[in-house]
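Two complexes follow with chain A in common, the first pairing it with chain B and the second with chain C.
What follows is the complex of A and B.
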């Protein structure tokens, strides 16, 4: 198992309330996990345990069994966790530190003391993979939101982490850019066999890509498993995407549509198939 | 928008000045500064401004450079007026000298910043022995200027959309208005700085005692030529005097 949490509880230093209570969570290599739940349910807290910002940066009390690529964040500084876990934040603006994309990509590797020749090789590779040729010397203020987030992901992926954690990476993006980012991450899962945990509110955008879904509420995991089963189970917590609502109504009306569809296109195809048969 | 700060904003171009090491360029600006400071001659001040003009023209930056000088003109005039009023005995030549000196120094440093990327500047600092924390602080403060400007606009717009009149009343009233802008802005920026700190940690900042650098600055032949020329230029007024040709 790439990362595993068992019976994990956490509270922030300034608070008496437990933000996470007895949480079990796991993610394996090559797995794309969607973490969903209402604001304040503890998703971001859980994500920050995965890369060691909790407890290293935030302090507080952390209990339970934690193993992330064999490391325990309580005894591993964040910069060492960064070798295993890449973290992409909600606002790309706050994670780009340089006025030049190339420098941005090199920064993490420089911090790790990687040999300059090797850094250049990996940066060039990332520029090619992420299609950043045209913007390699741009400053963040000259980039669109989608481009910024793409650079942020690339700047984390050059460090070759085994687990990538994204905390609402598309919150500042329009739906089309958001889908592109989620698709880009899917490509990385397939190509590099990394594990991914993505926090995302817009389920209809994320569901077509993810392998598993975990729903949290009030600091606990309340549902977990196949995304389509979980959406049914935890509909009141995370909301039911419109496409499911339509699907359910059609099934109730007597249409034999089979398994729930992943995308509106798939639903349309299923309906066409049924109507074609009739 | 042309603001005086525009003059210090780097734009990428491919000219001789751009190809120089920031250290030799800095030395060039410093030598222009020294000439300007150590001469009492108006002609020499004009020569400094003139040669900076030629250098900036060669670097194809006149379009950004000239507006800066225009923007600081009120300050130049103020310096002229103050020196004229308060010098004893009142001297037109002295006032002209002081205001031209200010113009010359601004011109020379504007040239430096217009042709040097902040990242190169930081590299030059690091390679001169400044710790990475400080050079990073420097580049990041430049990098986040547009972000801060956006935040000011956001908070201002939020206030105005609730009927707050930011730019009304006399100067004191306006200054007070800006306190309302400042408080949420400070809260906003403190939160932002925490998020930036988190992101720095996540990119392994501080992991290695000796972080490597993908780009190393190297002094080339042209840099040494510029260094030698700057050094020579710094002493040019003295040399001219020594030759018995007193500059007017």
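What follows is the complex of A and C.
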């Protein structure tokens, strides 16, 4: 297992309230996991444990079993955790510092003392894979929101993490840009066999891409598994996407539609197959 | 119908020379709910900043409740038009959550007992009453957003402009904001939302104004605009999933698309066909 938490509880310093209580969570290589739940449910806290900011930066009391790429963040400095875990924030401006996209991509690697030839190789590869050729010498601050987030992800991926954690990466993006970012992450899961945890409120955008869904509420995991089973169990917490609602009503009425559809087009095709004319 | 806002052939050029609005005309009737949609950089935010006089047209004119914005101070216009910005950090400045909501009302000379009563009411509606003595800067992004909405609703402007009200809000908070929209409807307010949230738009607005590159490219009710993929693509939007399903089914003759599809209606029509 790439990352595993068992019976994990956490409280921030100078607070008596446990923000996580007895949480079990896991993510494997090649798996794209959606972490959902109401604001304040503990999602972002869980994400900060995965990258070691908790407890290394935030302090507090952390209990339970934690293994992230074989490391326990309580006994591993943040810079060592960063070799295993890449983190992308909601607002890319919080993690873009340089006046040039190419410099931005090279910075983390230089910091780690990676050999200059290797840095050049990885930066060139990222520019190619992420389609940044036209903007390699632009300042990230002048880019559109979608481009900024793309650069932020590329600057994390050049570090070749095994686990990528994204905390509401699309909150400030228009729907087309948001879908592109979630799709880009899917491509990385498939190509590089990394594990991904994405926090996202808009199920309609995320469900077509993810393999598994975890729902938290009040510091606990309340549902976990196949996204469509989870939506069925935790719909009143996270909402039920419209096409899933149509799908389950039709299935209850007796239509043999098979597995839940990922997209409206797929549901339409399934319906047409049952109706027997195309 | 009386006009709440008239925008007449407005051009706006930022001091740096960027022409953000290139001849926008728009009329919003009193009591109407509209959504302004379009990609980032299409001019939406520039346009709404004209409504309370923060920006004045480079050419053309904007008339709010009968007043030309070039001839009235911001203090007069912002009493009529309450603007909730996309980024709450651009708006919040008080030391406590309570003060943040009380400030505009005191500024407009509301009696203190009215201020007290309204602050409490709107903090409770937005589920922020428990934080009343906290610094607003310690709130989460979603909470800050709800705080800025509360501060505007409390001083009761006739026209309310919301820039991305649902961004960063979870499912239940979106439901609450939907509840607020319904409340504003019964109060007869005029509401303008700038948003990418197609689901929210379907539920709440009478008309969508689509913008692209500083121009209005279409105006239509949600039932029409949100089921027209090629029109939406020009504004970098996608139809909601339910509309995409309905479009697919109607192309194959299983669903007749009239107005914005409803889940129950799509299910019924499919089942009817299946029973045959």
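The rule we apply is simple: the second predicted complex is superposed on the first by the 271 of 278 C-alpha atoms of A that agree within 3 Å, B and C clash if a C-alpha of one lies under 4 Å from a C-alpha of the other, contacts with A are read in each partner's own complex, and residues count from 1 in each chain.
Keep this in mind: contacts are C-beta pairs under 8 Å (C-beta built on N, C-alpha and C of every residue); 3 or more make two chains touch, one makes a residue touch a chain.
Being a predicted model, the structure only gives us computed values, none of them experimental.
Q: Is A:37 touching the first partner chain B, the second partner chain C, both, or neither of them?
A: A:37 sits against chain C, while chain B stays out of touch.
Q: Thinking of the overlay built on chain A, is A:94 touched by chain B (first), by chain C (second), by both, or by neither?
A: first
Q: Where does A:257 make contact in the superposed view: on chain B (first), on chain C (second), on both, or on neither?
A: Touch status of A:257: no partner.
Q: For A:268 in the superposed arrangement: first (chain B), second (chain C), both or neither?
A: It touches chain C, and chain B stays clear.
Q: In the superposed view, which residues of chain A touch chain B and also chain C?
A: none
Q: For the complex, which residues does chain A have touching chain C?
A: 37-40, 90, 144-146, 168, 171-177, 179, 201, 204, 237-239, 241-243, 245-246, 249-250, 253, 255, 263-265, 267-269, 271-272, 274-275, 277-278
Q: Tell me, which parts of chain A touch chain B in their complex?
A: Contacts found on chain A: 51, 53, 56-57, 78-80, 82-83, 86-87, 89, 91, 93-100, 102-103, 106-116, 119-120, 123, 137, 139-141, 155-156, 159.
Q: Inside the complex, what are the residues of chain C that reach chain A?
A: Of all residues in chain C, those touching chain A are 39-41, 140-143, 167-173, 196, 198-199, 236-238, 240-242, 244-245, 248-249, 252, 254, 263, 266-267, 270-271, 273-274.
Q: So in the complex, which bits of chain B are touching chain A?
A: Residue positions touching the partner: 10, 12, 117-119, 136, 139-140, 142-143, 146-147, 192, 195-216.
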